[in-house]
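Same chain, two partners: chain A is paired with chain B first, then with chain C.
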Partner chain A sequence: MGWYNFTLLILVYLSMNIQELITYIEEEFDEIEKGTIHSESSIREIEGWSSMHALILIALVDNHYDILLTGEELKNAVTIKDLHEVILKRKS
Partner chain B sequence: MEPSITKIEYFLPRMVLTTDDLAQEFNKDSEVIFKNTGIRKRHIRNPKQIGSDLGYEAAKKLLTKYPEYISKIDFLIFCTEGLDYKAPTTASTIHYRLGLNEGCGCIDMPMGCSGFIYGLSVANAMIYSENVSCVLFIAADIPTSVIHSEDFDMRALFGDAGTATIIEKSNLGKIGKFIFGNDGSGAKNLLVERGSTRSPLDLEYLKQYENQTGNLAHGRMSMNGLEITRFSLEKVPILLNQTLAKNNIAFEDIDLFVFHQASLIILNLLKRKCKIPDSKFYIYLEEVGNTVSCTIPIALFHAEKENRLKKGDKVMLLGFGVGYSWGGTILHY
Partner chain C sequence: MAKFSVDNVKIDAIYSCVPTNKNKTRDYSLFNEAESLLFEKTTGISERRVAKENTTCSDLCYQAATNLLNDLSIDLSEIDILIFVSQSPDYFLPATAVTLQERLGLSKNCMALDINLGCSGYVYGLSVISSLLKNGLKKGLLLAGDKSTISTSFNDKSTYPLFGDAGTATLLSFDESAANMFFDLHSDGSGKDAIMIEYGHSRFPYNIFLDEEKEYEPGIKRSRNQLALDGMKVFNFALKEVAKSINECLEFAQVEKELVDYFVLHQANKLINDSVRKKMKLTEEKFPMSIGRYGNTSSASIPLTICVSLKEEIENQQLHLLLSGFGVGLSWANVLIKTGPIPVKCVDYD
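Let's look at the complex of A and B:
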């Protein structure tokens, strides 16, 4: 039971943080309507996605998490969840 | 009296590539291009104009307005990434065309985006050491000559220009201390390939680009925008703090920040990261684009024209880019 609660707590913690990242992304990109993206959303399917958005995303992560993503890390992150995992990995 | 910038003029080639032209050619939204780049117009050289021609025109404009400098200039610095020849020094050819004194030293400086800072530091040092008294610093670049017609991102960003700046001792202010930096591991991220000693042109290369203006015989520029952005976000805030510390000036005491005008998106990201208020952050991109070594003098010219600069102001200049190289200083107006 103790392990179950601990795992649940971790999951809640991670999902909260994903929500935080989603909020940052929604605030940053005018093209995104609030509440329309989730952890499984593909980053590159954001309406009008271009190389400029990639630059903004790098700056967003730098600004909020103090991490400068590499081009490779961004390239490999397909969904917002993937991006969040890269952030967690770099933070740990 | 201290060395300071006393005059700036610039010259733009006549041909213009507008954002609307680009939008039409690449089937994109003109307003989206403008929102991302902050640029409406880029001036494009005619195929016969090279960097020294644009620099010469800028200097001629300055010397026509202030002919007293023709006899006063005793050092000429020419900054460009498109030199006329491997030899002689291009500055010497400009010196001859301008009819300057025989007792005037001439050097070239192929520096790119941080070139204005580096050239200014050399001019300042030469005058400070009392070896010369009046420096004509010409910066001119023709990035459009090395851009493939299908490279949208670069065509949207870059424009050609020439600038001429006089640095001499005056009561009009002074130039502060400098910070420099370099990281050659970034060379591949903004590079003009071919057309030089390491990778000379060959028939195969020229044939490949036979549908391009001049067969891209000056070389072809490639840019990894993502890596350039990472470099800028990493190094520029550090450069800013180092420049403040070296000059013993507080962030709040800077009246205007004039950065290399890379693109609106990079400038806005840096403004946010460095926490610079809008009122102190100068942008001049809309009419000219990224003109490489010319962006800072063109921005200073317009900041002064728009009364954004007044006597006693402290102006931080930061250059950064190709190399990677970077540099910063503070002007006291």
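Let's look at the complex of A and C:
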């Protein structure tokens, strides 16, 4: 397998997983209309974002990925892509 | 390692007492409608009981205890130990337990002491009172509860709508046929600032100049004499430690989780209890809740949940219960018990 194909596969894998995270987030937050957020969306764009949303997000990641995000990690993750990268990093 | 079993001690009855005054989440004027709905969905709290200004936690515990002692026609001279678990005592000193010995008409030969713990306090209290009873004392009264609303600021959305007031009384006695209780107790003082009332005791005496409220972030305004809560820290602590320590307690007792009838967790937040349940891969029915109607009632939450959510079951059959308290300290504790049928009741305090 050439490097191009390998990289493509990795990219597909990552994007699939980020889509999975987006689906979990859409399912969890009533405020989000399905299909309206993407990897570059800001987490805090959720209408009326508050510390309560942060707790829900921590519980969601813990439940689906068995990773306990710290307050600092969540604070530094601006977009869903950032959050996904934290999950991948912690998983590796 | 604080893992141990206690034999020869049984629980005879559990009573709770709550103020009649109800505060509904949707009536909290600092929440808009969306915030109110999100708060209810996340914490599970629709309403909570709030004691009047002149009512103390010891009044609620006293009411629970007198109802219990009268209903069961207990000979007061048989009560050899009284423990009061609370973080809202009547006075700086003396210990509230000693004042309750006199108020309840107990013998001067009854030992009485306070334990200063919150959310983990009921299980800690059980561990101390049962360990003393197993040495031959006849009966013991464990009073646990808090008037948490006295220390929260109306202008702090992170604490004010969370806490409710309640007092409880649990009667225990020496009984050679009692099943073993299996305890698993922990503490981590590095998390002391996660839930804290900084001023008012020896480190920082009460300071009238600090009664003025300061805004820490939008919606969080309080004085330094009031309760501060770092929700994120507490949440992370609970998700990290609770399910793990419950499993350790079960392993210590050599009991499979499927054999436990109910897991009665401290009622801090529905999201925490749901997360613990999902980690343990158990069904919702196994985790009774009372937070919806009473809020977070600190050390009263476990006995209160038993009184209001397991009344029919525990009054008619023996139950295998895993009790788990966790929070301020940080402190967390589990116990596996077999108890019932026993009388339980929740009474109102006007």
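Observations
One rule holds in what follows: the second predicted complex is superposed on the first by the 91 of 92 C-alpha atoms of A that agree within 3 Å, B and C clash if a C-alpha of one lies under 4 Å from a C-alpha of the other, contacts with A are read in each partner's own complex, and residues count from 1 in each chain.
What we mean here is this: a residue touches a chain if its C-beta (ideal position, glycine included) is under 8 Å from a C-beta of that chain, and two chains touch if they have at least 3 such contacts.
Since the model is a prediction, treat every value here as computed from it, not as a measurement.
Contact with neither chain B nor chain C is seen for A:Ile32 once the two complexes are overlaid on the shared chain. In the superposition on chain A, A:Val78 makes contact with neither chain B nor chain C. Residue contacts after overlaying the shared chain place A:Asp62 against chain B and chain C alike. By the touch criterion defined above, A:Met52 lies against chain B and chain C together after alignment on the C-alpha atoms of chain A.
On chain A, the surface touched by chain B in one complex and the surface touched by chain C in the other have residues 48, 50-52, 54-56, 58-59, 62-63, 68, 70-71, 74 in common. The residues of chain A lying in touch with chain B in their complex are 48, 50-52, 54-56, 58-59, 62-63, 68-71, 74. By the touch rule above, chain A contacts chain C in their complex via residues 31, 47-48, 50-56, 58-59, 62-63, 68, 70-71, 74. Against chain A, the residues of chain C that register as touching in their complex are 34-35, 38-39, 42, 158, 219, 231-233, 235-236, 239-240, 269, 271, 274-275, 278-279. Per the touch definition, chain B reaches chain A in the complex via residues 32, 36, 153, 224-227, 229-230, 233-234, 265-266, 269, 272-273.
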